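Presented below is the structure to which this report refers.
Per-chain residue numbering starts at 1, and chain names A, B, C, D, E and F are given in the order in which the chains are listed.
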Amino acid sequence: MEALFAITLGVLTASGVYLLLRARIFPVVMGLTLISYAVNLFLFAMGRLRTGVAPVLGKSAEYGDPLPQALVLTAIVIGFAMTAFVVVLALRGLGEVHSDHVDGREPDQ
Amino acid sequence: MTLALIIALPFLGACLPLLAARRGRSLCAAAAALVPLLGLILLFSQSSKVFSGMVVKSSVAWLPELGLNLSLRLDGLGFLFALLILGIGILVIVYARYYLARHEPMGRFFAFLLLFMGAMLGLVLSESLLLMLMFWELTSLSSFLLISFWHHRSDARRGARMALTVTGGGGLALLAGVLLIGHIVGSFELSEVLVAGETIRAHGLYPLTLILVLLGVFTKSAQFPFHFWLPQAMAAPTPVSAYLHSATMVKAGVFLLARLYPALSGSDWWFYLVSLSGLATLLLGAVTALFQHDLKGLLAYSTISHLGLITLLFGLGSDLATVAAVFHIINHAIFKASLFMAAGIIDHETGSRDMRRINGMWKYMPHTAALAMVASAAMAGVPLLNGFLSKEMFFSETLQQNLLGSFHWLLPIAATIAGVFSVAYSLRFIHEVFFNGEPVDLPKAKPHEPPRYMKIPVEVLVFLCLLVGMLPGWTVAPLLAVAASASLGGELPAYSLAIWHGFNLPLAMSIVALLGGVLVYVLRQPLFRWYEGLPELDAQGIFRRCAGVLVDFSRDLTGLLENGSLQRYLGLMLGSALLLAAFALAPLADIDGPVALTPMDGITVLGLAALALTALLSAVFHRNHLVALMILSGSGMMVALAFARYSAPDLALTQLSVEVVTIILLLLTLFFLPARSPAESSSLRVIRDLLLAVGSGILVALLAYAVLTRPYESIAAFFLENSLSGGGGSNVVNVILVDFRGFDTLGEISVLAIAALGIYALLYGLHLPHPALDHNGRPWSTDSHPMILDSLSRALLPMALLVSAFIFLRGHNLPGGGFIAGLITAVALILQYIAHGVAWTHARLRFSYHALAGAGVLIAALTGLGSWAFGRPFLTSAFGHFSLPLVGEFELATAMLFDLGVYLVVVGATLLILSNIGHVSQDESSKEVP
Amino acid sequence: MKALRGLPHPLLSLLLTVIWLMLVNTLSFGHLLLGAFLGWAIPLLCRDFLIEVPRVRRPLQLGLFVLKVFGDILVANLAVAKLVLGPKERLNPAFVEVPVAIEDKFVLAVLTSIISLTPGTVSADLSADRRTLLLHALDAPDPGQLAAEVKRRYEAPLLEIFQCSPT
Amino acid sequence: MPFWIEALVSLFLVLGSLFALVGAIGLYRLPDFYTRLHGPTKATTLGVGGMVIASMLFFAGRPEGPSLHELLITLFLFITAPVSAHMLAKAAMQKKLPLAERTRGKPW
Amino acid sequence: MMHAPILPILLPLFAGSLLLLGHRLGRGIQRRLSLAATWALLPLSVWLLVLAGDDQLRVYALGDWAPPFGIVLLLDRLSALMLLLTALLAGFAVLYAVRGDDERGPNFHALFQFQLLGINGAFLTADLFNLFVFFEILLIASYALLMHGNGAARVRASMHYVLLNLLGSSFFLIGVGTLYGLTGTLNMADLARQVASADATQAPLLAAAGYLLLLVFGLKAAILPLYFWLPRAYAAATAPVAALFAIMTKVGLYAILRVFTLIFGSGAGELADLAQPWLWPLAAITLAAGVFGALAARNLQTQLAYLVVVSVGTLLVGIALGTAEGFAAALYYLLHSTLVSGGLFLLADLIARQRGELGGELQHGPSLRQPALLGGLFFFAAISVAGLPPLSGFLGKLMLLRAVPVGSPALLMWSVLLIGGLGLLIALSRSGSTLFWRTSGSPVAEAGADHLRILACAGLLLGSLLMVVAAAPLQAYVQATARQLLDLSPYLQIGMGGAA
Amino acid sequence: MLAYVIPFCLVVIGLALALNLVRLVKGPSLPDRILALDTLYINALALIVLFGIWLGSDLFFEAALLIAVMGFVGTVAAGKYLLHGDIID
């Protein structure tokens, strides 16, 4: 399963990076979202992939590594804050430079 | 201490003229002159020691490990230079008092002059080479200010910048040279360096060291090929030229030659580099001087030529030549200063410096003319004047050298030619200015003698020319002796300062030079025509062009690197990461680690495949934003399921909630953003991006797989063991969040609060036009608040809040917690915004989101602070199990208070963000947002 | 139940308390207290948002009506399953306009919800004057009959239970 | 766990999942958006209801006692599914999405 | 006393959240609160510096959880020094801001305090993931501060800055994740112990993680090829923000210094001195690119931004050396360049204000209202930045030059440093003579500069002089700091739960 | 018995999810995609409930509840977007 999981992360990353390298802000934001999915899953997987071992005491015989889960939680929240900032920055950009190009100007200009 | 005071005086005194300037020009000058006067007194207080051959030293340790100490030294050479700097300084101050116009800022002028004087004094009185170097660069800086004194003139600005660039740059080379000397000798103190000549010359780095030092010397002393800046510096007020280009600034270079003579001289490298450069400068300066029509230009090239002469003498490497060099330093300083001052008087009185227009001044200013003529004669090397004596010694030395082998005769001939031209340009100066008919078209109609006191400095100097020229043994001999012996660092050779040495070859050379000079001057017309025909070497133009090329190159390069394209920058960053990672991973023998893989099951395979597929498809469909967003949301759901599948219920909850809030956020912005991206990537760009994307994907997959198949020992066991006993909760992830690593969480909610603040500021005053049509060109529905949604959303709110409370309260022991609870509350309230609009909702939500977020952070932080009262570190948790009748046992934990803070921040920040975006399309009238 | 001072929405409070007990899955006294507290506090907190629910005149009839609706949902689903899995030609999709008499917003919302959950119909739109409900039916050979059926089967009982509109 | 409970759980699970599948099939194969809307709104909702009841029964057999909270999910879905469907139908009509040819009473 | 290390974090945290809570309070109260909180950092950090001066490492275990399990703060000489520098810079920046720049948009002071929270936290934490969190705090605050006042140029600059840093944050997480996945720990000292004992099957993976971190820090530090966000961002920022940002690149350099001495430093076994071979050439090309940028600049603020790049390259030379002398020189230069860059950004604003619409454009323009004052300050700052005597820039450069061992690398680094200095001399003399001398007409500015603004600007610039006067004790401090950094054993004690 | 029933149900729900995904990708209209997404959420809810039974764990209840809440709000927001553009107006 680890191989498939790793490949999935790879596909997520690749799709995200491709989108990140687009010129318009919305695809870029989607790329960031995909990358953050990949990164969060990666960080989470560093506690290893196991089933039925949720780290809630008394609910199972064994427990998985809770630390990466806590880290990912933090990362998700921070990622949300950042995404929100970027999209609003894009709105501001729309108001100030009238373009959704990441360089703040249409390529011909 | 005295030495330090001599140096410090001008720096401290620089404010005196600034202060005195308001009280009148004479007082200002007097205040300025007071400084070198005091310096002279202090200097002379040391004279007995110096003349007895002692080296006066003082040292204060400053940065000993750096080799930079405040150590000073006064020996004969330093004395000589200090004397010139202070003495001529006083004269220049007196002169400038009358030279500067009434409207010019005299206080500032003298302040700059005193700064420069201090730097020069520091330079010649330093014992530490590093300290000397500091003063060296200070002279460049302060001379920059002096040369650019008339900064409204572009030639002054450019001349100053050129001088600074060349001499400052040379200073940097010198710094490297000095550091190498320090490296070789192990000390920067002159007393150690000067006795280590053998070691230095034997060292492999000697040639490099010498070249670097000479770069400093040659740039400063305007030696070929760095001579070009000096004539440009003539844009300075004449007192500046008189000071900088006779006795001080340009002499700093030859001072260094004299200073380091024992340490660096005595090798072929020295001989060839120094003497050939000196020779070239000597000839070039002498010849070019003749053809200058500008009075100061002539003097500038003459200065270059004389500096060449001095350099050549040092280059010859004999003790006698060194004596001659030191002697010529003195003589040149005296006559050149007086000549510049005379030129300044002429300029001042006629308004011009063009010798073709200034004629017949003898009639208008006979006194000045007489002084100038004597000084010129000294410059030409006419007997009975000081210039003659040192030039005679020079001729004699050129005859003595035998380093050029069979070409040894070249040097005396070249020296004679230089002498010829020297006489010719001196003659031109005298003849064309003071005689040669009537003035032509001068700006000032009736030239006359300058004020009485303006001439006094010139008179003093000319008197000295005569005195030294006629009574050398009585006047200059002791000074020369101590200075030369200090430079040589040992015994003086036998030499005679007599005026008459009998008929000998040097005398013959002098006579040839005098007669030849007259001849050349008489035949000057064809020479002038020849010179005009030469391709013009406009140093300023070349310099400007060089600077232009440099700037253009910089602009091209910078534009090439920093082309303003984010895609390029991101590509570079990703490329760097791939490169570094590939480099790191190359030695990895086996990707597979020893840990066995877990088996596959159908539903997980399907889920992961769906995740990968939706990700891929959202990239494929990315140009249609909304379609891609919908597909992307599918990925988000799959991620949540993956968390659930692999034992992370809290993560699944969080992912889900954040996902939905993000979708709402993106939908809010999509309303304003274009619905589609244009197809604008070139196929090359697409290929590049695909390569980077695939590379990044492979890197992440590889890292993940490699790590997952390797064993690890984690600190997790500690958390599992202590969660209940130490943290009071059985949901270990939550206990980590609010207790073990509560500090991270505090940071995380700060990020959220800051983002909300920043977003509020971003949206402040932003009003985007409400698109009238949807992306297909149809008008939007006017039914913005459908009745069913309206009713049911209101009915759902209490239930959602209840669920929120449920998730919050059980978070410590079961999946949930303040963060998710906060998002549920926020989403439930956002639903009200969606269902009823901003105005309706705001009317019912009467609290400030700002304050809510602030209160949240504050509560969390105060909870952490509470532990201080119990002498525990920040964020130390406490919990207890309590029991009440009927209710039974229940738990209270400070962590819950902390979690409440988290909850409030999430609610406040999320609502602040979303409601304010919603507000962007509102009319100005309904602004004020909580 | 009448609204009391300090307990403005007793029914809602009760409902929330019950839901709380369901949520926590325990019947301890502590949770009863907590649930009651939340049931009291939440309506207070969001009192400006709460929708007016007309008084129930016939509680018993309401219970029967709920059961009937659940039965209809089950039956409807079997029917829909048959239509979904069967050949597409068997479908007779139609838009049907149903005039509605209910005026109360909440009850109207309940009606549209029930319509959407039951016999092959989805309430697609409500006219601006809230007088006409537009339905989409998956299989309606006779649209007129469908409209009448909806009015008879769902609207009439609701009107009776809540007595929210003069008929 | 007693056999009859297990059997009941199994029954509800199978029924629930099959209804969910029916909803998905409807979403997949029905001819236009409006017809597709019916599957998820009804069948899927009911399917989930079935599974939730199965879950309730399953956990009721454990020492902690009966588990009723799953019912809330169903309750919630029954309240929300019509609203979602209504919003989407309104949106589709706003966009004038194409109707299956056989549709009668076309509103435009 | 015991809580000392956390105070520089708590002070801005409480100030920031109070400002948030009272965001409707009057400007005056907000300003006073912000000023008080910022200036209180100064005595506090002096105290911490004195505390750190006894060469003991002070560990503050948050939540009373011992390392490596809980998060710990670490106060050593390096962190104390960085805190002091931040306090100085921030104090003057906020002083400048309260004269009106804070009114250009909402929430300035709260954001400013949160910015300090992030910076101070990053300097104090000894936990790698916590470092990530503080990085994010300082980044999000910097995004918002960069946009303070809004406007097209700021939007363009911010977009690049934000997006590049978001990618950087992803790298950070992957790096931290990989490290955790192999070592099972996050405490830097504990990581150092684990990394040191890594075998050949793990080392390449750890190295990859290390390089990802290097990239992240390099992005913050603005090292080529990652500095491109900087010129526009710094040039576009409001003056007090740009001044405060002078410390931002230094946070990246600090992180490089910390992580690549402790975790991947000389004691890292197979991975010893992981970054050093890359830092040499990077330092040189960064410096060169910065100098060319400064020469190319058409606008004063842009030129100053490139000077920041130059300073990064310069002090990276010292870090690349990996020796105590190199570190000491780099730290001295770091102090110098931060203060002077900060002061220069304020000065540029003062100048631009007196040039009307022309602002900082390097063209012939109107006369200034206070040419002597501003020109004098500019001359002073330019000397310092170009590394000419007698100011701190010279001493810093001298220390660096002396720290480079004589040999073939010296040839390269000396050349780059010295020729770079010449380039700066040319660039600054060009811009200075244009701004102050290529003028005509009467001044367009109605009045002279605000006194408090001048005080803020001059205060920072005079730091350069102060650093010369106090060069000896400062050198002693930075040398002791460098020695402390290179002596790993006390640090490693922390990872094992002991407070060394 | 459950040992056979659960895998069967997993396959059935998996199939349903796959069909949802097909509709999500295929569209053709935006309401179709939103509907598919909404259905995906509810099927995911079913999957999670199934998961809980499979693992015998009641830790999945909150996730299921949350999907119900969040999926609804997401769908409403998207629906309103299509309807009115400005979802918070």
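Here is the rule we go by: a residue touches a chain if its C-beta (ideal position, glycine included) is under 8 Å from a C-beta of that chain, and two chains touch if they have at least 3 such contacts.
The chain list, named the UniProt way, goes like this: A = Monovalent cation/H+ antiporter subunit C; C = Multisubunit potassium/proton antiporter PhaE subunit; D = Multisubunit potassium/proton antiporter PhaG subunit; E = Multisubunit potassium/proton antiporter PhaD subunit; F = Multisubunit potassium/proton antiporter PhaF subunit.
All values reported here derive from a predicted model rather than from experimental measurement.
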Interchain contact steps from subunit B to subunit C (minimum; 1 if touching): 1
Per-chain CA centroid nearest to the all-protein CA mean: E
Pair joined by more contacting C-beta pairs (A-F or B-D): B-D
Chain at maximum distance from subunit B, centres defined as averaged CA atoms: C
Centroid spacing, where centroids are CA-atom means, of subunit A and subunit D in whole angstrom: 31
Approximate Å spacing (C-alpha centroids) for the pair subunit B, subunit E: 17
Subunit D and subunit F, separation of their C-alpha mean positions in angstrom: 10
Separation of mean Cα positions, subunit F and subunit E [Å, integer]: 48
Per-residue multi-chain contacts in subunit A, two or more chains: 20, 25, 40, 42, 45-46, 51-52, 54, 56, 59, 67, 71, 74, 78, 81-82, 85, 89-90, 92, 102-103
Touching two or more other chains - residues of subunit F: 13, 17, 30, 34, 36, 58-59, 65, 69, 76, 80, 82-83
Touching two or more other chains - residue numbers and ranges from subunit D: 23, 25, 37, 39, 45, 67, 69, 72, 76, 79-80, 82-83, 86-87, 90-92, 94-95
Touch relationships between chains, expressed as pairs: A-B, A-E, A-F, B-C, B-D, B-E, B-F, C-D, D-F
Residues of subunit B touching subunit A in the complex: 564-567, 570-571, 574, 597-601, 604-605, 608-609, 611-612, 615-616, 618-619, 622-623, 625, 628-629, 632, 635-636, 639, 642-643, 645-651, 654-655, 658, 661-662, 665-666, 669-670, 672-674, 677-678, 680-681, 689-690, 692-694, 696-705, 707-709, 714-716, 719-720, 723-724, 730-733, 736-737, 740-741, 744-745, 747-749, 751-752, 754-756, 758-759, 762-763, 766-768, 813-815, 819, 909, 913, 917, 920
Parts of subunit F lying in touch with subunit A, wherever the complex brings them together: 55, 57-59
Contact footprint of subunit A on subunit E as seen in their complex: 129, 133, 136, 140, 143-144, 147, 150-152, 155-156, 158-160, 162-163, 166-167, 169-170, 173-174, 176-178, 180-181, 186
Contact set on subunit D toward subunit C in their complex: 19, 22-23, 25-26, 29-32, 34-35, 37-39, 41-43, 45-46, 64-69, 71-72, 78-79, 81-83, 85-86, 89-90, 92-93, 99-100, 102-107
Residues of subunit F defined as touching subunit B within the complex: 10-11, 13-14, 17-18, 21, 24-25, 27, 30, 33-34, 36-37, 40-41, 44, 47-48, 51, 59-60, 62-63, 65-67, 69-71, 73-74, 76-78, 80-89
